[in-house]
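Next, two complexes with chain A in common: one pairs it with chain B, the other with chain C.
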Partner chain A sequence: MKILVPVKQVGVLDEDFELRDDGRDVDPDYLEHELNEWDDYAWEEALRLREEYGDDVEIIPLTVGPEEAEDGLRKCLAKGGERGIRVWDSAMEDSDPMAISRVIASVAEREQVDMVFAGTLASDHGFAQTGVSVAGRLGWPQAAVVSNLEYQPGASTAQLRRELEGGLEEVMTIQCPAVLTIQLGINEPRYASLRGIKQAKAKPIEELSHTDLGLSDDQVGVAGSASRVRRMYVPEKGQAELIEGTSAEQAQRIAEIIKQMQGEA
Partner chain B sequence: MAEILVIAEQRRGDLIAASLECIAAAVELKQQGDRSVAVCILAPSPQDYVEQLSAAGVDEIITIEAAQAEFQSDEFSATLLSLIEQRRPELVLTAHSIDAWGYAPALAIQGGFGYASDVFAIRYENNELIATRAGYAEKVHVEVDFPGRTTVLLTVRGNTFKPVEANGSPQLSSFETKAISARSTHEEYIEPESGGEVDITQAEYMLSIGRGISEEDNVEEFAELAESMEFTLGCSRPIADNGWLPKYRQVGQSGKTVSNCSVYLALGISGSVQHMAGMKHVPNIIAVNTDPEASIFNIARYGVVADIFDIAEELRNHFE
Partner chain C sequence: MMVVFYLAAIAAIVAFAYGCYVQLRKYRRGQSLSLPGVVQGVLAMAGELLSHRNLKRRDRSAGLAHGLIFFGFAMLFVGTATITLEYDILAPITGWRFWYGSFYLWFSLFVDLAGLALIGGLLYMMYRRKWLALPKLDYTRPDRKPDEADFDRSWYRREDWLFLWTLILIGVTGFLLEADRLLWLQDDATVWNYRWWSPVGALLAGLLDGLGVTNAAAESARYVLWWIHGLLAFCFIGILPFTKVKHIFTAMASLSLRHPKPAACLPSTDIEADTIGHRLITDFTWKQLLHLDACTKCGRCHEACPANATGFPLSPRDLVLSLRELANSKLQSRVLPGTEALQAVGDGINQVRHETLWSCRSCAACVEICPVGIEHVPMIVEMRRALVEDGEMDPAVQTALQNVQKRGNSIGENKRRRAAWTKKLDFEIKDARKEVVEVLWFVGDYASFDPRYQKVAQTFARILRASGVDFGILYEAEMTAGNDVRRVGEEGLFEYVAEANIETLSACEFETIVTTDPHSFNTLKNEYPDLGGEFNVVHATQMLERMLVEDRIPLRRKLERRVTYHDSCHLGRLNQEYGAPREVLSSIGVDIVEMPRNYCNSFCCGAGGGRIWTPDPLEMEKPAENRMREAALIEDIDAFVVNCPKCMNMFEDAVKSTGNDDRLEVVEVIELVAACMDLEPVATVTEAAIEAEQEQ
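Take a look at the complex of A and B:
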C-alpha cells in the first residue's frame, strides 16, 4: 500500500528582483525557495495514515524540480518516510502544470501507488491545477480541496469533505485509488525533531530523468505543456496613497482618515 | 465562425455570479472579431437558468439536464468533453470556481486542450489567443499563449468582468448528458457555523488581522484595539485555521464577503487572491504591512509600510 505525495519547492520573490534575459520568468538568483504550505498538510495526512495503520503503508514524497527542490523532500523526510523521489533534467525547464502532471502520473504508475495526495494549490503561481491533472492522466477519480478525510489504506472507498465557497462543505464518498488535493487546516502539521532532521540527511532520494520514466522530449518542458509563457512583467501599482513618516505620524494619519470617513458616513 | 463556449454553473439551484462574468468576457471577445457565443448549463433543471443567462451578445444557450442532483466531476468532464468535441469551440470559458478546480484540469487533459487557470485578461493578437494570469504571490503578471491548440479552456478569475446588463434573445438548444458511472457520490452539505451576534457581512468598519500577528497571544491586543475603535474584528484564513479566532470571522473565498464594509483596515495580511475575493470591493482599504511589495497594496486606497505592532500601539492613543 503506497501513498505518493507530490510536493513543490515554491519560489518566493526577493524584495528587488530582475527578470530573466528572455523575459519569461524571474532570474533565479532573485528567488528563495520553500516547501509549498499546502504540501505540508498533504504530507501530514500521509504521515498520520502511516502512524495509524503501520508499516504496510509506505509514504513517498516526490518533487519535480532542480537540485534546490531536494530541500523540500528532506523537510518531509525529517518527519517520516523512508525515501524520496526527485525528477529533473534540463528538458523539463519551463514545464507548465500539465507537463508536470505527466511526470507525476508516470511516477505513480512506476511505483504502482494506491493514492496520490497533492496540495490544493501552490502559493507561487496559484494554478490549483496539478493534482486534478494527475487524476486526468491516470484516469482516476479525484476530489479537490479536501478538508477532512476518513480513509483506511487499502479500502475501496474513502469518505471526505470538500471545502466549497463561503465555508460551505460537501461530504463525499469516493472510489479508490484516487487523487485528492489537500486543503489547509485539514490537520495540524507537526514540527520536525532535531533527530528527524539529522536522520533525513541519510535517507535515499532517487533521482530520475524524464527518459527514466519512459517520457519523450516532447512530453515535457514547453513542448509537453498546455500553455506557454510569452512574457512576465511587473504590473503597474494600484492607486494606494502611501502614508509615510514615523509610526506615530502614520497612526495619526490613519486615525484622521478613519474619523473623516466615519464623519462622512 | 469560431465559437466561444461558456460553461455556466449553479449550486443548490442558484446560478453563480462568476458565470455571468464569464459571459461578459466572452461577449467582449466577440466584439473584437467574428465569433459567436454559446452558453451551456448542466443542471438538474437547466431551463430554470435560461432567462438569467440570456445576456445581450449570447447567440445560443445549451441546456443539459444533469442526471446527478449535485456537481459530480465525472459527469461534468464526460458531458462537456462530448459537447466540446461536437461543437469544436476555439475557446471555452468557465469560472475559476471550486467545482471547476475539481474537474476542469482533467477535462483539458482528456480533450488535449490548451489550458490556463485563474486568468483575468483575455485577448486576441493577430488571431492568436493570449491570456493573462498572476505569478509569484500576485507580484508579477504572466501572459501565456497556447501554440498548436485548436481548443483552449480558461478558468476566469471572479470579480474581473462586469456582467452584461442588457438582455438578448439567444437561440435555445439542448444536449444530452453523458451516461457515466460516477466514481464519487455527494452525501450532504455542511453549513458553515454561524457567528450568532457577529455577522461580518453586515459590518461597516472592519479591522482584520493576518499571519503578521505571529502568535496567538497577540490576538488579544488587536481585539481590544478593534473594540476601542468600534470596528468589527475579522481575520485571514491562517488565523482561523489555527483556531485563534472563530471561522465566522474569516474574510475571503472560503470565509465571508464583507459586503457592507466601507473601511477595511488590513493588518499583516499579504493579499492573496482568496483573501481579496472577500474584500477587494471595499472602497476604503487601509493596509499595513512591512513588505512594500505585498499585493494588498495593489488594491488598497492607503498603504502603510510599517510594523503592525508599532502602528497598533500608536493607534490606541487616538481611540480611547
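Take a look at the complex of A and C:
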C-alpha cells in the first residue's frame, strides 16, 4: 500500500523585489523558498494514515524541481517516511502544470501507488491544476479541496468532505485508487524540528530524469506544456491614505473624501 | 528483654538498609551524568544548612522552626550516637568509658535543650498546619480536576502529620523517661542533686511528683515508656527511606549537587543522538530523580510560580510530585516495567500534561526559592524537547520556530529589514562586520522589530553616540540569540542560530558585547560558551551604570520622578543583576518605590520560555496584569520602569488592559537616561525621506 504525495518548494516574495530581465518571472535573488503550505497538510494526512495503520502503509514525498527543492522533501522526511523522489533535468525548465502532472503520473505508475494526495494549489502560481491533472492522466477519480478524509488504506472507497464555494460542504464517496487534493485545515501539521530535518539527510532521495521515467523531450518543459508565461508585472497600486488625528478629525476627513468622490462621480 | 530490643533495632536497621537500596536502585535507573565541582557543592550545602538562609526566606517563622527541629534533631542524634558508641561499641571491646562526670552533666544539659528545641519547632509546625491553614499546604493541584484519579493528595497531609507526631512523641517520651528516672532514683543523691543539669526532665519530675507519682509507680512506668520511646525511634528509622523523612538525606544530596545556574544555562544534549529530551521517567538523570526525592512539599515554588498564580495548570511542586510518584511506582519495583508504563509526559496518572509543560515561563522563580535545590526548569525544558521532537506544540510556537528556521528571527520579518530601525537615526551606525569597534551591540529580535521597542533601540543608539562610544551592530547578519528557542525545547534550532551567531561574532573585532535584551544577554553570556562562543557580555543597564560612574554620559539635568522598577527574570533571578538598573535610576535622580514582590521575588511578566509567542487565553488574568495591579497599588508614582523588550511588550498591553494607562507610563531605564540628556527629537529624518530612500 503506497501513498504518493507530490510537494513543491514555492517561492515567497519579499516586500520589495524585482522582476527578471526577460520580464517573465521574479528575479530569483528576491525569492525565498519554502514548502508549499497545502503540501504540508497533504503530507500530514499521509503521515497520520501511516501512524494509524502501521508500516504496511508506505508514504513517499515526490518533488519535481532542481536540487534546492530537496529541502522540501527533507522537511517532509523529518516528520516521517523512509525515502523521497526528486525528478529534474534541464529539459524540464518552464514546465507548466500539464507537463508537471505528466511527470507525477509517470512516477505514480512506476511506483504503483494506491493513492495520490496533493495540495489543492501552490501558493506561488496558484494554478490548482497539477493534482487534478494527475488524476486525468492516470484515469483515476479525483476530489479537489478535500477538508476531511476517512480512509482505510487498501479499502476500495474513501469517504470525504470537500469545501465548496459559499461555505457549503460536499460529502462524497470516491472509488480508490484516487487523487485527492487536500485543503488547508484538514489537520494540524506537526512541526519539523531542525534536528529532524538534519537527520532526514540520512534518508535516501532517488533522483530521476524525465528519460528515466520513459518520457520524451517534448513531453516535458516548454514543449510539453499547454501554456506559457508571456509577461509578469505589478499592477498599478490604488490610492491609500492613512488618516490620523482624533476620532472627530478622522470622521471629518472621511466625510471630505466621500464628498470628493461623489463630486467625481 | 534486651534480646527483643536488639532484634527490633536490627529489624529497623535492615528495613532502613533495604529502603536505601531500593532508593539507590531507583536513582541508578536514571541516566548517568558527570558531576564537576562536588566539593564546592558540599561546602555550599553545609553553608546553606548551617545558615538556614533559604528556609527562612519569605517564610521566616517556618524557617526558624525548621532550624529548631533540625539543630535539635541533629544534637539528639549525635547524643544518642555517642551513647551507642560507648555502650555498644567501645565499652564491650576496649572497656573504655567516657560517659560520666562533668562530660556527662554538660551532655545532659545540651541534649535537654536540644529536645526542647525539637519539640518547640514541631509544635510550631503543628500550629502552622492546623491553625494557619496556609493554601500552599492543602496540596490542591492546579493541573488536575477534582474528579480525576490523581487529584487526591490527602495522603500528603496525613504523611505530614504522621511525621510530626512520630517525632514529637519520640521527644515527649524521651523527656518523660528522663523525669521518670529522676523520680525513680530520687533517693539517690548522685542523681537527684544534679537533676537541674537536665532542666526539662527536672521540671517534669517536679510536676509528676506534685501529681503524686511515687518511686514505685515511676519504676513500673519506666519499662512502658522506654519501649514506646525505643519502638517509635526504630519505626522512624525503618520508614525513613519511604517517607518524607528521607529528605534528611536527599535534601542534603540535592543541595550538594545543585548546578550554579540551572535555569540560566540549560543542559546541553547530543542533538545527533537517536532520541532527544525526557520522554520516559528513565530519561531523567539520576541527579534529577534524586532532586524529586528531596522535595518536602513546602510550597515555596507553588507560591512563587507566575503560571500558578494566574490560574494556569502548572505548579512546580505538583510537577515534581507527579514525577516522584511516577518514579516511585515504576522504578522501585524489582523489575523495570516496559516503556509504555514509563512514559512521563501524557494525560495518564502521575504523568505531566502538555499544557502543564507549556504553561512555564522559565522565569526560575521556583528554582530560585527552592530550599532543597530542585531544578525545575531544566526538567521542564527536557520534557519540552521531547514534545518538539514529536512536533507537538501550540501552532503559534510552531510559526515562531518556523520563522526562526527560515528568517533567523521569531517575528517572521525579512532578514534584510533587521536594521531598518536605524534608518530613523540622523547618523549611521558602524557595521561591526566591516569595521573594528569597541562595543558590539547585539540588538536582538524585539529591539529590531517591535515598533515600541525600536524607539528604545534608537534612543540607546543616540545615548551611545552622544557619549562618544565606539560601537557597531551586525546588521542583517544577526540572528535571534536563541534564548527562547532553547527554552521551548527546540535544541537543534538553538544550536543552529547560536553557532551562526558565534561564527559571525568571531569574525568581528570588538571588546565587549552589549545588549538591551536580558534574554539575549543571558544566552550569549551563559550558553554560548558551551558552543565555543566566549565573549565579554554586558547588559545595557550595566554599561550605563559604568558610564555614569565614569561620568561619560553628558547629563543636562536630573529627573524628579517617582517610579516603580520591575526586575526582569533574565537579568535579575537568572543573572543576579539587581543593582545596576537601580543605580542608574538613582544617579539620574529617580526615586524608586519598590513593589511588594521585588528583587529575587520579582513576578514574571509572562513572556519568558517562549510564552511571548503564545497568546494567553482572554478569560484568564495574564501574569503581566497581575504585576501591573501590584504596581498600581503604589500611590504617587507615574511610571513602571522595565529593562527588557519582552517585559515592555507585555506591560504596554497590561497597563491598558488593567486601566492604568492614564497614570502609569511603561518606560525603559534607557529612556529615562535619555530624558536627562536633552537629546534632539528622534525624527530628524522624516518618514517620507525613508520611504523615498527605500523606493530607490
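Here is the rule we use: the second predicted complex is superposed on the first by the 237 of 265 C-alpha atoms of A that agree within 3 Å, B and C clash if a C-alpha of one lies under 4 Å from a C-alpha of the other, contacts with A are read in each partner's own complex, and residues count from 1 in each chain.
Everything below uses one rule, namely that a residue touches a chain if its C-beta (ideal position, glycine included) is under 8 Å from a C-beta of that chain, and two chains touch if they have at least 3 such contacts.
Small disclaimer: the values here were computed from a predicted structure and weren't measured.
J.: Classify the contacts of A:190 with the two partner chains as first (chain B alone), second (chain C alone), both, or neither.
T.: second
J.: Using the superposition described at the top, determine whether chain B or chain C touches more residues of chain A.
T.: Of chain B and chain C, the partner in contact with more residues of chain A is B.
J.: With the two complexes superposed on chain A, say which partner A:86 touches: chain B (first), chain C (second), both, or neither.
T.: Touch status of A:86: no partner.
J.: Once the shared chain is lined up, is A:132 touching chain B (first), chain C (second), both, or neither of them?
T.: The first partner, chain B, only.
J.: Contacts for A:8 in the overlay, against chain B (first) and chain C (second): which applies, first, second, both or neither?
T.: In the superposition, A:8 touches no partner, neither chain B nor chain C.
J.: I'd like to know which partner A:242 touches here: chain B for first, chain C for second, both or neither.
T.: first
J.: Considering only the contact definition stated at the top, list the common interface residues of chain A for chain B and chain C.
T.: Residues 15, which sit in both footprints.
J.: Chain C touches which residues of chain A in the complex?
T.: 14-16, 32, 34, 79, 188-199
J.: Quick check: in the complex, which residue numbers of chain C touch chain A?
T.: By the definition above, chain C touches chain A via 271-272, 276, 388-393, 395, 397-398, 401-402, 405-407, 414, 416-417, 490-493, 496, 694.
J.: Could you list, by residue number, the parts of chain A that touch chain B in their complex?
T.: Of all residues in chain A, those touching chain B are 11-13, 15, 26, 97-98, 101, 120, 123-130, 132-133, 135-137, 141-145, 159, 161-175, 178, 181, 184-185, 226-235, 237-243, 247-248, 250-252, 254-255, 257-258, 261-262, 265.
J.: Residues of chain B touching chain A in their complex?
T.: The contact residues of chain B facing chain A are 11, 70, 73-74, 77, 96-99, 101-110, 113-118, 130-131, 133-147, 149, 183-193, 204-205, 229, 237-238, 240-241, 247-248, 250, 253-257, 262-263, 265, 272-273, 284, 286-288, 291-293, 297-307, 310-311, 313-315, 317-319.
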